[in-house]
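The two complexes that follow have chain A in common; it is paired with chain B in the first and with chain C in the second.
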Partner chain A sequence: MNCRSEVLEVTVEARQVEEAMLALLHTILLHRSTGKFHYKKEGTYSIGTVGTQDIDCDFIDFSFVRVTSEELDRVIRKAVSEFKDALSNSGSDGVGQISLEFYQKKKSRWPFSDECIPWEVWSIKVNVVNLANEQERQICREKVGEKLGEKVINVVEVINRHEYLPKMPTQSEVDNVFDTSLKDVQPYLYKITYQITDSLGTSVSTTMRRLIKDTLAL
Partner chain B sequence: MAHFDTEYQRLEASYSDSPPGEENLLMHVPEGSKSQWHHIENLDLFFQRVYNLHQKNGFTCMLLGEIFELVQLLFVVAFTVFLANCVDYDILFANKFVNHTDSSKVTLPDAILPMEVCSAHIRDNAFVIFVLIISGVFWLHRFVKLIYNVCCYWEIRSFYINALKMTMSELPYASWQEVQARIIEIQKEHQICIHKKELSELDIYHRILRFKNYMVAMVNKSLLPVRFSLPALGECVFYTRGLKYNFELIFFWGPGSLFENEWSLKPEYKRGGNRLELADRLASRILWIGVANLLLCPVILVWQILYAFFSYTEVIKREPGSLGARCWSLYGRCYLRHFNELDHELMSRLSKGYKAASKYMNCFLSPLLTVVAKNVAFFAGSLLAVLIALTIYDEDVLAVEHVLSSITLLGVCITVCRSFIPDKHMVFCPEQLLRVILAHIHYMPDHWQGNAHRYETRDQFSQLFQYKAVFILEELLSPVVTPIILIFCLRRKSLEIIDFFRNFTVEVVGVGDTCSFAQMDIRQHGHPAWMSAGKTEASIYQQAEDGKTELSLMHFAITNPHWQPPRETTHFISQLKERVHREAAGAPSDTHPLSLSESEPRSLVADLLTGPSTLAPVHFACDLSLTNNTAAGVNSGAAALRSLSPVSSSLNLRGSLSAAHRVGGLTGKTMTGSGTDARTVSSGSSAWEGQLTSLVLSEYASTEMSIHALYMHELHKQQARGEPSRHTWHRQESDESSDSIPDEVRSEPSARSRSFPRSHTFPAAAPSPSAIPSSASSSAAMDQEGAASQSSSGLRRHSGPVADHVGAGGKVVRTARVPMGGWAEDAKAASRHHDPLPEETSEDELPPHIHKVT
Partner chain C sequence: MDSDLSPQDRKDLDKFIKFFALKTVQVIVQARLGEKICTRSSSSPTGSDWFNLAIKDIPEVTHEAKKALAGQLPGIGRSMCVEISLKTSEGDSMELETWCLEMNEKCDKDIKVSYTVYNRLSVLLKSLLAITRVTPAYKLSRKQGHDYVILYRIYFGEVHLSGLGEGFQTVRVGVVGTPIGTVTLSCAYRINLAFMSNRQFERTAPIMGIIVDHFVDPPCSNQRPANMGHPCNYRAPEEEEGAFAGVQDSQEVCTTSFSTSPPSQLYASRLSYQPAAEFCHPAANTNQVLQGGKEGGVVLVPSQPPHGAEVHLTVENNTPSSSGDEEGLLQSGEGGRRSVSPSDPVESLSAFTRKVGAFVNKPSTQITASSLDLPFAAFAPRGLDSEENDPMVHPPDSPPCQSPLQASLHSQGSDGSVQQDDFVMVDFRPAFSKDDLMPMDLGTFYREFQNPPQLASLSLNTSSQSMADDLDSLPEKLRVYEKNIDEFDAFVDMLQ
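== the complex of A and B ==
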């Protein structure tokens, strides 16, 4: 695939899942968001400001920075809690993966629908462990905090690399690159998906699509 | 109002987070996505399409071609059904009379059955309906495919026009290298691949040829079950398109295949942990696919016939008589293909070798058949002559029943017989033909050389170069045989396949998972017997056979001169190039290990550069050089190449830049070497490379590659012989060793055999220098070349450590070389074309569209 993919792996306790995920997703989104664009007539634009705030975690010794946007937070929280529920309902060994995918839309002509072309995918693999007693929990609390700190630095390192980002769009194309639905902040178009268990087989539908595509290809 | 202005202003909107006083803010200018070509999702498919569109000469050509194919299919099916069901043949054959009132003539409409009868016929015949349904599905499939392709390729077309700035009308005349250079150029601007700032040629090739490289590697490592030893037929190769399709289905894209998508292998196959389980799963999948094949057999058969019909009607139209001729088999194409070699490159290479290959195969006419054919032709000819004479005398003879058909039949019979009667002026010298073939096909098992005259070699070569009729027959048999091969042969190999994909897949940034052989890294996959000794770290399992890594690397470097390989690889390439050029130039380098054999590659170089049409002067020169050697001991090849100098000057006059430079350069070097002339020294071996446009270069690249291929085979052979004395063969060491050989040894007559194929010993199996001359081979060749052998015996000056052992066998084979190219007709041709092209095949053997993919 023509896109970068980064994998982060964390091992946490069940009650820490939500906060850990929020911490990582918000960290990434912090770097992948801009202020709102205000387009001028001459084809220029100015960028609004983005507020940031520190969030302290309850179950982990950790605080992270996120964009001050209730709306964005709500969306992320919803996705994460869905993931958490799915993870706890799965009943298996508690392995899951949540991925945050940044994509671009490409307008296509009539017979095809608009293509969403990812350019960066962050996959966070989660391993849920069960702990026996309070002391272990305390150790885990610190450990996970340290680990998350490392991950955050990881993320920043990756983002600091001088790599492909979609070009800044003109007013008409801004919807193809940025998520403009939020009032106070404007992240790159993103999608959060999750997957429970380690089943890596491709789904039937993708296989069928490929089969058809390949038969049609010259 | 102005004086009321303060810094305080009303907020424009409650949600706007931009502070007041926006005029002081930084203003940005959006770059916008001016082109839609940045960041393409599926680059594999994209590059493949770009390549296809180039190969099909642009959008309009492709579209028209496809539409006409559809129409043809419709026509053929309809016409066949009509002929089978709607014609009253009794009327046509005049077995039944029509009652006409107005005239006694039978008209065509009389023979056509009325509509109702016709449709009743069709409805009654279940087979016809079956065929009709399948062809209907086939046609619909093609139709949907056409629509889909039009949509996809329209986008590619606009990519060519807007991004690459090439119009469709100039596309057929642009080489792929040019297109590729432009793609690399626009990557900097558009970033079609987001992983890297710049694309390299290799990246593009990797993406286009990802799966083909795997297939080539699997054939190279003999992983695919395509060779069988059958009780009656001996060893044979069965590899058809149906089988190939199934292999690809299983490995690359079918449901549950090893690959997740076009660019990545499924992660579980990359881990060694559960290989047994994965092998089991693969085996059961192969079983299911095999069973499905078996069940669908009749459908596939009809499909195959339709498909074959369409692939071949086109070929037959283009070159009638090609049905009887031979073609490179599918297996041959896989075996001969380099890693990272695009279809058009392979095809042009193989087409160049075609003529020599068919000549070679024609050498082996059975004498028994010849005798029979001669006599049959005699009797048939007499009958035919009488019939024709009678017809000329009175044409009413034609009206007698069956006279016309017997004339036709006799004519056909004579034509067939004639193909079994060898040309009177042909000379049997397979060894040279095989060298010429090798110059184009680049790969050949070691044991062929020196055994070219044997029937076994011919049989093995025919696996690569089969009769087209056999090819079609195999295709038709394929629906039945394929499931058997899948179920009984491929299934057993499932563990090896799993291991192969795990061991030989590397993830390349910006490309995805590719076959590691295709990286052409001599350190990882080099074969010590193929010049990468000391550089390679590969185990036997990792080594590519037949020097594939090394030859592919050279081929890729030569076809893509702008490609910047990794440092070590660059070193290898430049070293080899330098050696080849030095060798070709024939400078009397005593320190060179290959001075032992230098006359051989050099004369081959001469052969290649001049082509068969100038063989006569070369032969002459060779003989001359031989006498020179005895007399003065000067560089033998100098004379041979001197004979080329008129060629080079004439080319210079014609302005054919590179060839002239090349030939001139070589000649010049030789001449300085022998101290006679220093005319064209200025054109150094690498100097011309930079000056040339890519197009000119790509045309001469093939010649250069041929030289390299021959040279590498030559070296390999020597090395295989030197093996017992020194396991790993180092260049520097052998420099010294060859130096240390006393001159008496060098002037041994048997020496030249060193550069020449030994007898039937297999170098791999028995690399001992005890190449006992096979009396059979020597006598056979002796008979042919008796006189020539006398003139050339005892004339070579150099020798090697093991040369003494080889004796007569080598000598004989060596003498077979003297006519060079070997065919009397070639010598005749030389007088016709006095102004030869540097590339032997450029005029006659290449079809005008060498970039076509079939």
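== the complex of A and C ==
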């Protein structure tokens, strides 16, 4: 099985990084989350309901829809905030990439640990620019809003190709496919990592790989 | 074709498609209500949330959708469309987008109805949630309120996209294959937001003020013409019983104040804006027209629009010595961009008369082309002077309107070759404009004193001429002075 990989690229101002990442990550997670599964007897299950909410961006002329789940939002915000801090610490014209990877766990026999097999990876490349005056910032607000709209359309296009999705698991397997730790929604198992390159285009010496959500205990 | 489909599957599929259509309409209309939507996630299934998504059901919308479907389902050749349009407080309307739920013949026989199709329809609804926030109409709908409202209309059958203007764009939300065909959801949206002015100036009743209730259509009402949409600003009518349990009272119209400036202030810069066509306010015009028409009888002769893009009006004064008549002028000022065309008919300018105050017996004094006797004459096009940089002639984009009068100046406009013959005089009375001593109004005064004549001594020709004369007369003068040198010396001594 090949892992599907999609790359989105955005150019934003430093203060727009957080909202732009939240917008795209939440849009992807909206499509990759279901309601909580409730398994019944005879191997059937019912699915809970996913609520949605509109979020307006403060620094971008854009609104997006995300799943109504405070827990999920907290996790994503934390990851994005770390990414943003890393970007700003790297230098003024930083280029960075944040990746949202959906994976399946495959149980291996002892002593080998479980394998994580990604089936879809979304990489969002970010170019941070500095703007000189308020007028440019205003134009940037609108332009970035438009660009994010285009990215949302790209995301929707990819998702609606209805390519590989993990099979719906049985009760014993559900933790290999879904993240069941949240109490109101159930996204597919995912992890968020990021990578910062400085303005010279080379990797930072220690490629910082922060595993925000990783059920694998090393 | 669907012989492979079990009756139960077929029944399920039909149910899924029906509820998918109803939920699609709910999502679209709710996205254009003008407010942020928030629904809660629930871990325990309630059984009534189709496609595992918490989407409220606004009863009126469901009713309209069911009425449009009339028991049918979207099928091949039978599409369900939701048309979103904008309607200004003056009655102009414009289609913004059309969402189409269609079915084509491509079947996916192997797909599992109750499971895969259902889940994919759920994903498609989520995509619809995301895409409805991305099209240009979303931002417009968030700002609806006093100046315009967003309406929706559901129809079934053939898709009509002609009302979207030229160059409309299409975005495909997604497709879901089913054993009986492929469900496709797409949106065609207008990008040319210039107002279309191919309607007549309607003599509608003066708009006293937009009350949202005017647009609320109680269910089952037949007052509305068939092609008019329903407002996307649901408010539960008081007389209804509490059947609208599912609807929160958060559905209020977003009442942001909005100026009647040309559209470039309303929309983001990316939306194409054609300077020639702007918001027309025929009703506002009518109001003023009705007031002014009582006085005087001045014939207005519309001049030919120079570029077919703007309309300039001239006034011919037929009764110069009438006393007790107040003559006014209709300003059809074109707000926003106004090009100075040297081909402006000068004769039309020369036909401008001086505005005469009430009860004035003096005949009109000399009419000069430069003393345009127009209120706010500074804003009138001046074909005589080449003043490309004059901000009066080329006002910066969308100057904010400070008064209703100015608003009417700036916001009237008509596109294309509109030849309107039914102009009626409007009586303009700018403040402090009556002066019996000098029959000149504020605009003319301002204009004249803005352009004082040049000082004679500063004009180049005369100065060079006098210089030459001076040089020639110098030797003569020197001789005279030398002759009288004694007198000069005596004079100087006297002074000391």
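Couple of notes before you dig in:
In this section, the second predicted complex is superposed on the first by the 195 of 218 C-alpha atoms of A that agree within 3 Å, B and C clash if a C-alpha of one lies under 4 Å from a C-alpha of the other, contacts with A are read in each partner's own complex, and residues count from 1 in each chain.
The rule we apply is simple: a residue touches a chain if its C-beta (ideal position, glycine included) is under 8 Å from a C-beta of that chain, and two chains touch if they have at least 3 such contacts.
Not measured: the values here are computed from a predicted model.
With both structures placed on the common chain, the touch criterion links A:157 to chain C but leaves chain B unconnected.
By the touch criterion defined above, A:146 reaches chain C but does not reach chain B.
Touch criterion met: A:115 reaches chain B, while chain C stays clear of it. Look at A:35: by the touch rule set out above, it reaches both chain B and chain C. In the superposition on chain A, A:43 contacts chain B only, with no contact to chain C. Once chain A of one complex is fitted onto chain A of the other, the partner contacts of A:27 are limited to chain C, with no touch recorded for chain B. When both complexes are overlaid on chain A, the residue A:184 reaches chain B and chain C alike. In the superposed model, A:170 makes contact with chain B only, not with chain C. Contacts of A:56 after superposition: chain C is touched, whereas chain B is not reached.
Shared contact residues of chain A, touching chain B in one structure and chain C in the other: 35-36, 38, 46-51, 168, 183-184. Here chain A touches chain C in the complex through residues 27, 30-31, 34-36, 38, 46-56, 61, 63-65, 67-69, 139, 142-143, 145-146, 149, 152-153, 155-157, 159-160, 162, 168, 183-185, going by the rule given at the top. Only residues 1-4, 35-36, 38, 40, 43-51, 104, 106, 109, 111-112, 115, 117-119, 163-164, 166-171, 173, 176, 183-184, 200-202, 207-208, 210-211, 214-218 of chain A touch chain B when the two sit together in their complex. By the touch criterion given at the top, residues 15-19, 22, 25-33, 36, 38-43, 45, 48, 52, 141, 144-145, 148-149, 151, 191-195, 253-256, 260-261, 263-264, 266-268, 512 of chain B touch chain A in their complex. Residues of chain C touching chain A in their complex: 36-46, 49, 52-54, 115, 120, 122-124, 126-127, 129-131, 133-134, 138-139, 142, 171-177, 268-270.
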